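Here subunit A shows up in two complexes: once beside subunit B, once beside subunit C.
For the complex of A and B:
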């Protein structure tokens, strides 16, 4: 059944209304609001770059950026490496475990976002399973207080959030690889590692790039994990933005910081693409 | 196939260990929801259902549960209608508008919920909207629609369009063809998409924090009341919050079994 131009456009009206009305326009409004000073939760005066200047001059911003990188980079690296291993086994491995592993990965993705974070508290609490278990085994005398409410806990929590997602994006990418290419590489005498390094990884380069960037971005924007598992020092950019629209009611700063993070993300993505091109993980002929 | 049968399956072991990493916290948290004592201490001491009883005795929780169901059902219906119609267009008409719209429809998946959430705050200030159930639902529809499009498009791309041509040749009009041929074929995928949208909505937290106003949903019940308190009622909520989306997702997988199952649902065609 054919759909004509006019009918097609008409049928897309509801979708576009939702996307433009609730995503595009609000983002533009947010940018606009970042250019005003805010007094008592309403914009005042004329257009100004004060919010941006103050944020860039404030040492807090830079400290928070540093924390965000110290959390976001390990989370992205571990999630991508783990996700890649899982989907590599599902797609190229042998044995009956593969189907089970796929179902488990999807089930993990569909497990509640909040519960995946919250669950770590039962495990890591000062008298929780990890500490209690270690104490019972006589390995420690006092609970390891540093486990919960720390950067480590935030990293663990966010990895459990984003690894299943990473695995499924790689699943799509790896099943798209022509198996003949890998076989040819083995036939020509390449070792398994060489085949991975020279054939499979470059062919999945765009997926690795996109997934690393996506996971980093999602980690930077996740404010629940730092609140639930982090300590006072684990304030990330996401948490700072969420706070400025919540408890601290500083909409101008929050809006400016949101814009800066969104722009920063695009820059990070371009930088990663450059690095991956240089290291050969993303040959120009693939993307 | 050199000596592979004798090598240790490292990858399988690593993958399974990663699964333990993903599921162990969930299993432990769920276990303590059935604890007989109020403290979450090791070792586990006895079984009881008192934390569930305590939870359901709280009118605040019952209200939150009701709000979550209400929002998730409306989201499922609206997102499925919008997404299914869009998937039809995206799989049959290719021009600048449809390609741009399709790329735009992926935005809510890639944008962290935080930015959609603060966008809603900006919108509320601009239009003087007050937060509450309608805006919570709007936020959920935004994140559910891309998944509906993904699932329904996957089905529309794999089924035999010759069937439609045959119906037309036999004299059926376009609406008759749609109603008697196309819709019955894609119905399981559409039902699966609706259940997936329901599951996604039931769990949505990142945007809802900003659109809630005075309302509470099940995830926000944990966020609000149990932020710093560790008590098995939180674990009882966690069990409910795990089970309801999982059940919806399991039903979706059953509906779609004949059309490629879970891998089709994840946009994968084999």
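For the complex of A and C:
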């Protein structure tokens, strides 16, 4: 059925309303906040870029950015690779394990976010399951302290949160690939790896880009996981923004940081798209 | 055949979508940009000193347990005065954000820490209270009655300083039977240390540890010995909790050996979970905290807030509440009404042993003033956290 302009516009109105009301307007208000200095939760003085200048000049900002990338990038890479592998097996694999894996993937997403994060404390704590098991097996004498309240724990926690999400996203994309294409590739003499590299991956390229961006944004912006599982060195941009709005009540700084993070995410998305196009993983027509 | 086909011309394209949404966004943006402040700015109302009869709602924003629900004497107070309490517990949010947000004009009273009394009063969110309205204010220890943190005039106070406690160190008695009695223990690499994520408390802790007064900390002192001490503690800091509850959880699960920014309150909380928690005021000295009952200038039910203020200053009513919190009051009569097991935790002479001995931190906000501002404290604490 062909959708004309009028019907198309009408169908888009609800989404437009939500996007404008809950995304565009708050972003503009946030940008407005960032252009003032705030005292006692009220804007003071004229428009100014002081907040941006101070943030860019502060070594704390760059240090927190470094920490955020050290967490966000590994989480995105592991979650996307792992999620792709899971969904690849579910879609193209053989045997009953596929169904079980699918159920487990969906089930992982059903539990509350906070409960799942807290569960890692039970697993990784000094008296947790992992340390207890290793001590019982005689592999260690003292609990491994670094596996909780550390950057490692934050990465583990976030991968457990986002890999199932990535897997389901890829499941939808891979399910839409015509199996005849892969069969034709094999019939023409391509190996399994060549078929993956030259047929399957490019066809799922848009999903890889979207999922990678989504997971990176979620991981880099996460606040609760670094708070509950991270140590003192796990302060991320999300936490800095939360502190600005909640603790120090410096709305200007918090808003400026939020805008800078938003711009940063756009740049990261563009970079990902560029890299994927250059490596042939993304068709030219994908925006 | 691939299911991915390019969109054909003639249908609703991305350019059309962007054009329409941009027009809508510009329209809304103009309206948004015209508004300079989104937060509600309730206007302070006049608050004459007049007699009144309590009864009706009381909207209170305070710490869990401070309302006194579950304490028979406090419940009797609410019932006898026909006050319907609407209490919201303070979480991790900044009090200021809540008070100045839409809906803040409904709050009659809230809890304010001594570090913020002066600044909040100067910004007009605390209404002064006269001793004629709360007569027992006249019975306070001199160290409290004459302290400019609370006293703003002759017989006039910016809030009711009704509950006090010391900040110290907590540990699990089963893990460290001999206890921890000095801040210097945090410098020992053998220990795993936990603390509360608060620049106000950590800088105050460091100031006390190096013999300085957190209520009068200069920039040189902050960036000198205080920061040096914090950096020396940093390698031992394993967990920085963002809530008091998490501090207790981390301590009871033995993820840390002891907690800085400790409270006597952890003792009953730990006992409730079957654990014996110890508390000490370190040898180097420490600082205290005072949570005051502040009445907003725009309180719709000021009379009920004043009734609560009087209850907080009445020994028979507040004594059991103080006991449940393991905290003390500002008058000798209130402290004589404390349960014996709680009273025994404090010095026999509270005036000299507590109020004279402990220091009080203050959040300064004047960047031109002689003392480091709370923003400067935040910067140092963030730098410490990110080190290593």
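As a convention for this text, the second predicted complex is superposed on the first by the 260 of 287 C-alpha atoms of A that agree within 3 Å, B and C clash if a C-alpha of one lies under 4 Å from a C-alpha of the other, contacts with A are read in each partner's own complex, and residues count from 1 in each chain.
Methods note: a residue touches a chain if its C-beta (ideal position, glycine included) is under 8 Å from a C-beta of that chain, and two chains touch if they have at least 3 such contacts.
Source: prediction; values computed, not measured.
Peer 1: Go through the superposed model and pick first if A:125 touches only subunit B, second if only subunit C, both, or neither.
Peer 2: both
Peer 1: With both complexes superposed on chain A, which partner does A:231 reach: first (subunit B), second (subunit C), both or neither?
Peer 2: Only subunit C; A:231 stays clear of subunit B.
Peer 1: In the superposed arrangement, which partner chain does A:245 touch: subunit B (first), subunit C (second), both, or neither?
Peer 2: The answer is both, since A:245 touches subunit B and subunit C.
Peer 1: Let me test your reading of the model: by the given contact rule, A:48 touches which partner, first (subunit B), second (subunit C), both or neither?
Peer 2: In the superposition, A:48 touches no partner, neither subunit B nor subunit C.
Peer 1: Who does A:67 touch here: subunit B (first), subunit C (second), both, or neither?
Peer 2: In the superposed model, A:67 contacts subunit C only, not subunit B.
Peer 1: Applying the document's definition of touch, where does A:2 land relative to subunit B and subunit C: first, second, both, or neither?
Peer 2: both
Peer 1: For A:171, decide between first (touching subunit B), second (touching subunit C), both and neither.
Peer 2: A:171 contacts subunit B only, not subunit C.
Peer 1: More residues of subunit A in touch with subunit C or with subunit B?
Peer 2: B
Peer 1: Please indicate which partner A:114 is in contact with in the superposed arrangement: first for subunit B, second for subunit C, both, or neither.
Peer 2: So A:114 only meets subunit B here.
Peer 1: Would you please give the residues of subunit A that touch subunit B in one complex and also touch subunit C in the other complex?
Peer 2: Looking at subunit A, the two contact sets intersect at 2-5, 8-9, 12, 16, 19, 24-25, 29, 41-42, 121, 125, 127, 227-228, 245-246.
Peer 1: So in the complex, which bits of subunit B are touching subunit A?
Peer 2: These residues of subunit B touch subunit A: 4, 9, 11-12, 14-16, 18-19, 21-26, 28-30, 32, 39-43, 81-83, 85-86, 88-89, 92-93, 95, 97-98, 101, 104-105, 107-108, 110-123, 125-126, 138-139, 141-142, 145, 161, 164, 168, 174, 177-178, 182, 199, 203, 205-206, 209-210, 219, 222-223, 227, 230, 234-235, 238, 241-242, 245-246, 249, 262-263, 265-268, 270.
Peer 1: Spell out the part of subunit A that touches subunit C in their complex, as residue ranges.
Peer 2: Touching subunit C from subunit A are residues 2-5, 8-9, 12, 16, 19-20, 24-25, 28-29, 32, 36, 39-43, 59-60, 63-64, 67, 121, 125-127, 145, 148-149, 176-178, 180-181, 203, 206, 227-228, 231-233, 235, 240, 243, 245-250, 283, 285, 287.
Peer 1: Flag every residue of subunit C that touches subunit A in the complex, lowest number first.
Peer 2: Residues 1-4, 6, 10-12, 14, 16-17, 20-21, 24-25, 28-29, 32-33, 36-39, 41, 92-94, 96-97, 100, 119, 123, 192, 198, 234, 237-240, 242, 246, 253-255, 365, 374-375, 378-379, 382-383, 385-386, 388 of subunit C touch subunit A in their complex.
Peer 1: Quick check: in the complex, which residue numbers of subunit A touch subunit B?
Peer 2: So the residues of subunit A in touch with subunit B come to 1-5, 8-9, 11-12, 14-16, 18-19, 22-27, 29-30, 33, 41-42, 82, 85-86, 88-90, 93-95, 97, 101-108, 110-116, 118-123, 125, 127-129, 131-133, 135-136, 159-160, 163-164, 168, 171-172, 175, 214, 217-218, 220-224, 227-228, 238, 241-242, 245-246, 251, 254-255, 258, 261-262.
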